[in-house]
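Okay, here's the structure, questions in a sec.
Labels run A, B and C following the written order; every chain starts at residue 1.
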């Protein structure tokens, strides 16, 4: 039977549809409310006080508790999916991510991406596209930006290979590239209400923390989360889309699970402000029990009162011993789901 | 063992409990907030921009993004269940549905129904009841109305058959019967933010659109949705209520799934304003992968600036080829779940 | 393999870590919004009009619909878990619970507990700890208080047994100990909108009500609910935490299921104001179909206009005949999940 491409339906773009310099204006703008916040707290074991309590946020110099930093990330990411990764073979990596402004209930987010790199693979059938995506609020302020690169299929194998452009990405943001929310002040920080006594000064570079807790993932949960961010990738929702009949869990769901599990040991790593890199080492499927561990990669002072920056590796696993990451071959172990590198803000 | 009817518990009404002209005042009023909106977006792949973004709604002449049109429908419908369909053998159809006023966070809805038809079946054991249901806000404005008819069992087989009254229902609302929200103006419509370029003028009567995407349904999801609308019908929640041990999914859940899936190809069919008819062709159960296709049935101009009306057939399936609806015998094919006929508003 | 206690991770406290008079200040404060209310209505068949409709609440003398009384309870309870019951062998009971102030969207709750009793068990390996927990709002008003006692393991078996202190708890609060929300007035109560005609005067002490409906519980649902209250107990989320591979459902989830099911027959038992006692008779697991029945234990007049108090036993079951509670041996029958004793307010 012949399948014709439906005239009015978005079937996604292919590798040859991207050129360096293109700017993609993503649909659909979204106004957030306390509803999104409540759902984030139902979907993940989210407990960071700054995002949970208006009072705690005010004591920290903010007007109210923002929407969780990763919820803001997912909202922007979801909008990019129909234009960037609907036909992605693989989500290869993230980098140069920065949170520039907190999001509050009532804010409306939209997103756009600039194509900053393309490289056809030697097989002639696929290629890698790099985009820098930005989230913008209703005042056109950029609230969030990050680079993502994905492997895409070519739709037309006859399309000529574009000139290769591989962007020169920073391996890790330096602390002075991080943007501290205006007014943030941890000098009056309440460690008891925050849940742990460990301050920035108590963490050492190289220190590893086993976050102990685990969450067994259900289909309904990851679908609710992924839909909430208006992420439309078929593989997350349609059990018939993959040959094995399982639904692939959105990588961002694993990021949020790991980050929120990391509360236990890193309760004071309050705000994520930088995303240096990230890899989804192995697919996550329903029924797996996700755990997390962290490693302190770096520390830096900031100009904000009482606020230090900490660079963390966050690893999500579906089993195995904590702190195991790669095998003798240098490859991620089969139990590793996520290896994320981010900067957070802590009370000094 | 003898079962006595509990004195204080609502076991639902039977066919003989309805008389033409009766008005049923349904419990429980409900105030909506951003929470209901967020949940709607988590439960369904809802992406229509007018319901997602306050900014987009304001650019379209509304004060803010309303609660999704079908969420408003489910809220009203749910209230009618304890008085109308708790003991329904079948939900036979809908008609003459009109959305009269958008619902905003802070609004409180209640519902009432007038019995407009009764017809005892020839078997003497069941009958059909027609009700016209209305949703009212805190100012007693009617925000929504529709006719529904259900088949009910008789509780007392000795009860005399009532005089048959079958209401004369319009097969389809004409465009001039549709109510356009005050102020709605699509002359400054942002097609990029809305997600698709196709405008009212791009659709032809008879055109069919395959919406491509599918969602595999989970028990937890349809129960969350159905409870949110305070729909209390046992069959949706109690796995012991049906002989096969499965839970029957609320028909409205299938309507919302199909409508939100139809974004892909009908992203600009923003507001539902009329419901001409609808049939739940086959039951939907957990584990099914729901897909949708649409057919353009009619088009009409409206008096609102930049706003056209489009009449659509929306079909939900659990498999089979797109656009297949009925077999040679004229009956719905076994893979068809829903056949809905509605009017929506689009930018011209 | 030797497991060392991670330095920065909360593994919970042991019996010897509690001393009478200790005050535990629990993390994490939480601001509630319409999101939490919407989720409560999605997770449970909640229909009590006072918590569903701002209009109904205003007609009853309150400024708006409060967050559901049990949602407030779960929010406070959840905060106590990391400090009180992370290592609990069993949650033995509740008592002396009082709701002191309604919670509204925008309120921020925190919690603290005072240790009021300790008793080492004769086996020397476990002990019972009694705490009086209090929820406080952003103005430091106490909104809720209750006593809970749990059995905990000793971490160090060599730790000396503390002096036994068993608090003298009231078996049931008397009606004059109940706090009626300021302004509450049921003289203009709308029984039609509330859903049932039965008033306080219609209930007799000793009367039993079968609430008829049932809900089959899914893993995703109880995890969403339990996380929403920031309850971190492993057994609810981690399928590997229990030898049988199942997740134990948070007892509070069963309380909310039973209470909301009790709408059918007790729709006018609007506000819970006292918790006399409660026992989780048997564990609840996913797949069980939860039903409920109630028994009127007592009635009392109150000083508030039109408001009566009713003391109810609320029993949740997973099968069996309604009204069956204990076997000939005096023990709870295996189908009984919950036996709760509470005071509610009704229109007289």
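The rule is simple: contacts are C-beta pairs under 8 Å (C-beta built on N, C-alpha and C of every residue); 3 or more make two chains touch, one makes a residue touch a chain.
The structure presented is a predicted model; accordingly, all values stated were derived computationally and were not measured.
Superposition angle, chain B onto chain C, using Cα atoms only: 120 degrees, a multiple of 5 between 0 and 180.
Counting the residue numbers that touch the partner chain, chain A and chain C have less than half of them in common. The distance from the centre of chain A to the centre of chain C, each centre being the mean of the chain's C-alpha atoms, comes to 36 Å. Contacts with at least two other chains are made by residues 33-36, 38-39, 105, 218-221, 224 of chain C. On chain C, the positions that touch chain A within their shared complex are 6, 8-11, 25, 27-36, 38-39, 82, 105-106, 108, 110, 138, 218-221, 223-225, 227-228, 230, 232, 234, 237-241, 247. On the side of chain C, the complex with chain B involves touching residues 33-39, 41-49, 52-56, 64-65, 105, 192-196, 198, 202, 209-216, 218-221, 224, 264-267, 289.
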